[in-house]
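Take a look at the structure below.
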Amino acid sequence: MPGSLEQIAQLAVNGLVAGTVLAVPAIGFTAIYAVLRFPNFSVASHATIGAFAGYVVNTAWHWPAWAAVAAAFVVAGAAGVVNDRLVLRPLRPAGALTTAIGAVALTIVLENVVRFVFGNDLRGYDLPIRRDWQWGPLRIGPQQVENLVIAVVAMLAVFVFLAFTRTGKAMRAVADDTTLASLKGIDAERVARLTNFGGMGLAGVGGMLLGLDTSIDPLTGFRVILSVFAAAVVRGAIAGLAGAGVPHGGRLRRHPARADAAPARPPR
Amino acid sequence: MNGRTDVENYLVAMATFACLYALLALGLNLVWGLAGMINLGLVGFFAVGAYVSALATKRGGVPIALGIVAALAVAAVAGAVMALITARLRGDYLAIITLGFSEVVRLVASNEIWLTNGTDGISGIPGPWRGRVSPVAFNVIFLVLAALLVTVVLGVLERVRHSPYGRVLRAIRDDDQVAGVAGKHVLRFKVEAFALSAGVLGVAGALWGHYTSFIAPEVFVPLITIYVVLALTAGGTGNNWGAVLGAFLVVFFMEATRFATGWLPGLGPVQIAALRESLIGLSLLVILRVRPAGLLPERLPRVEPPPAGEAAR
Amino acid sequence: MSFDAAISRRTVLGGAAVLAAAGLVAPRAGAQPAAIRLGTLTPLTGAGGSYGPSMRKAMEWVAQEINAAGGVLGHPIRLVSEDDQTNPEAAVRAARKLIDVDKVAAIMGTWASAVTTAVAPLCWESKTFLTTVSGSDTITQLPHQGYLIRTQPNTHLQIGKLAEFLLALKVKRVFTLAAQTPFAVPSHKRLEEILPRGGTEVAGIVVYDKDKTTFRSEIDQALRSKPDMIYLNGYTPDCTVLMKELFKAGYTGGKVAQGYAVNAKLLGSLPREVTDGTYTATPSPAVESAGYKRLARALGTDDLDPYSCQCHDHISLVALAIAHANGEATGTAVRDHVRKISQGNGQKIDSAVEGLKLLGHGKAINYEGASGPCDFTDAGDILDCKIRFDQAQQGKFKFVKMI
């Protein structure tokens, strides 16, 4: 029946649309995971921070949408660098899972910092909402197409950066073996800073895109965080890569079946 | 005065909640502190136990003790299945997947209305002697019961820790390849540890239901997992006594912040609430930073050579 | 927040008692006339966080007004407030503290149905009165021995009136998009019971998980049945998404939602073209009530949300019931007296201060609040309630009719 075929096609489009919103923060999550080797659950609150940063510049300063997205990237990225330096970096020697637990704690603290400053009220951007395009039986929104473009661009940018730039190669080296990288004169700290800036910046952009589709409040990031993790896991598993956009080559990651000695240990 | 309750009753109730958190922390300690597998979805097993015992006693009419045993069994099976599925995954993947598991449990509890009564939840869950004694007496009885269970679980887990079995778990935690090379059936140990741990979490859930008489999907949110992780980290990962101490500290801390808010003038209610919640996260961060081994650090039962990988730190 | 220094002194002492953890008896109030202790338990964090703060503010304002006018028979009201975190576990601990340490006569303002159901047994066992805004029908069916009233109309009443309104609009096909709540399916069943009688078809229902970021497939399913009216039975965050997506999908038919979900804040956060035309249903007083207007002025808003109005009535009812019981500030006194001031042939009043004055003169009163007439059945449900229907026009609500 053509009717049900159309329905399936539309469901696929809807799924893609839902996925692209999650893709951007998921890329941020996997980028950090690939380099710093711990699941940084605080992408949730950094997404919220990005949504609020975009909200402030859009509604209070009347910046246009693209500038709000840029602000979301920069503010969330900067917050990511600061939070990592102050909170998570000191925990890293204790192992990946200790750091992950620290990231969970961090995300609760940040969510409540946002709540402390902005309260619980729901907010929205001062941007028009556009009708969907109708292509025959299928419909898709301009916003969703833009989300898709942003996601693809972000993915490409991460890929190109990691594969072709000197810094990107340094990042991969750090991801591969921190000790070896430092022996080769790569500044692991600088790499960590860059990774956090880029990764959390993407989380912030993702938060802003989420805010466009849903609403902006202290729980904007937290509501979707499980789907973001799921997206990241699926992406990692399907691609067999150490995260989105990271190409194969060399000993990029340890065999997934092998439990890492360091991460799998509780603090002692 | 006309059946009213007093501060003692509050302290008894909070001690009971602390005992339930202690069970959760002990369950987590077995799998994380001893065997080195993270379980960020422990609230899911807590929920499974709560629903099993509530349904068995309220719908099935079985005695409460049997309901608790059923909760233990079903949660343990769920834990074993989880461990089998995730056995080949690395620790950090386990963190993500267990977190997902707890959400799945919550979704099932919300959607399978025929079984769980959906978001309405199950009310009127029986409690031991509830209704036959005064509410204050019930409160005391339940505290004794909960404390007894904590003692039993603590005793069992201490036995495990000191036994050769516990040594194998620690060896797997420190390096499961070495343990495997040493001839240990690593998967079997992991599955057993995860199952036993999930069983303990299930018992805690069953007790929660029988104590408060009501469960609903909204009870079982990730925040509870975070409280328990905080309890174990604060008390001392790997140390069963530390798990119990940490649980009492967390409940004490959560309750003490209620009274402390009176000292903060000039803040709105939402700001105070935000401050209270962030204090939980902040204290966890401070402990991880200042005293990562917790207040009662793990003491190994006997002198061991430093485990492999120690030097790398 | 505290109203006088005595509160913070008390809480400090209470805190010290617990910090000492020595089972100390709470310090008794000092020399001043014994205060009437009442508790508020509203969500300040979690999913209900956008509703709780103004609910609590409404209650604080009433307490202030009563105290400024001399209190309840000379006894000042001391409000002790806790955050239920929209979580039953946290709420049970908070309620225990309110009951055992603060010894409140009533706990007011619980929002989530799960929180109310978790807290209710503690209340009736300790003979503490509980007033709630939760919507689940099952709440008043609990064995609460009279220690519970709710001001939110149950689905039978509320959806009955909504159906009446839809029939008057002569809509042909109604589709429901409902968040997963205890009242989602009962509401739908009630619509199915009434609408077909007037020739309106109930096209279907989709129950969704309210934390999803997009409901496009749910909306596609709704639109396939070609409805000319969609009933959005959710809360503010998910209704925000649904409204946007219905607009994007090019849907031009009618929309109707609960007033607590599609509220002034939602209208403020969305472009007009997205919200215009949406009807809202809000339990409401029969006339443009003076109590409502005063509360709106006090909270500095044009559009009070229904929950704040209901909380305004909670504390007013409790205070009046205590006054009617000659100042006996216990849950049992409130239970036994609340219907003697909320309904009957007494003089109609819409503020607690006015009612307290009249009670002082020995007059009978009938409280009609900011949320409605506040008459209760024996089970604790609203007896009858006018539902006010508004329509969003140019980003503002315009009154349509009262049923």
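For reference, chains read A, B and C in written order, and residue numbers begin at 1 within each chain.
The rule is simple: a contact is a pair of C-beta atoms (placed from the backbone, for glycine too) under 8 Å apart; a residue touches a chain by one contact, two chains touch by 3 or more.
A quick note: this is a predicted structure, and the numbers were derived from the prediction, not measured.
Asks: State the chain with the largest centre-to-centre distance from chain A, centres being mean CA positions.
Replies: Result for max centroid distance from chain A is chain C.
Asks: Using the touch rule from the top, work out which pair, B-C or A-C, shares more C-beta pairs.
Replies: Answer by contact count: B-C.
Asks: Just curious, how far off is chain C from chain B if you go by their C-alpha centres, in Å?
Replies: The mean C-alpha positions of chain B and chain C differ by 34 Å.
Asks: In angstrom, rounded to a whole number, how far apart do the mean CA points of chain A and chain C lie?
Replies: It comes to 38 Å between the two C-alpha centres.
Asks: Residues of chain A touching 2+ other chains?
Replies: Expected reply: 112, 115, 119-120.
Asks: Residues touching two or more other chains, restricted to chain C: which are they?
Replies: Only 44-45, 49, 52-53 qualify.
Asks: Which residues does chain B have that touch at least 2 chains other than itself?
Replies: 268, 270, 273-274, 277 - these are the residues of chain B that touch more than one other chain.
Asks: What does chain C use to touch chain A in their complex?
Replies: Contact set of chain C toward chain A: 44-45, 47, 49-50, 52-53, 211-214, 216-217, 220, 224, 236-237, 240-241, 244, 247-250, 265-266, 268-271, 273-274.
Asks: Looking at the complex, which residues from chain C come into contact with chain B?
Replies: Residue list for chain C touching chain B: 1-2, 7-8, 11-12, 14-19, 21, 23-26, 44-45, 49, 52-53, 56-57, 81-83, 85-90, 92-94, 96-97, 99-101, 103, 112-115, 117-118, 121, 125-127, 136, 138, 142-143, 180-182, 185, 209, 330, 332.
Asks: Please output the residues of chain B touching chain C within their complex, sorted ascending.
Replies: For this pair, the touching residues of chain B are 2-11, 13-14, 17, 107, 110-111, 113, 118-121, 123-124, 135, 208, 212-214, 216-219, 221, 223-224, 252, 254-256, 258-263, 267-270, 272-274, 276-277.
Asks: Would you mind writing out the residues of chain A in touch with chain B in their complex?
Replies: Residues 33, 37-39, 87, 90-91, 93-94, 96-98, 100-102, 104-109, 111-113, 115-116, 119-120, 226, 229-230, 232-233, 256-268.
Asks: Touching residues of chain A toward chain C in the complex: what are they?
Replies: 7, 10-11, 14, 17-18, 21-22, 112, 115, 119-124, 128-132, 134, 139, 141, 143, 210, 213-215, 217-219, 223-224, 227
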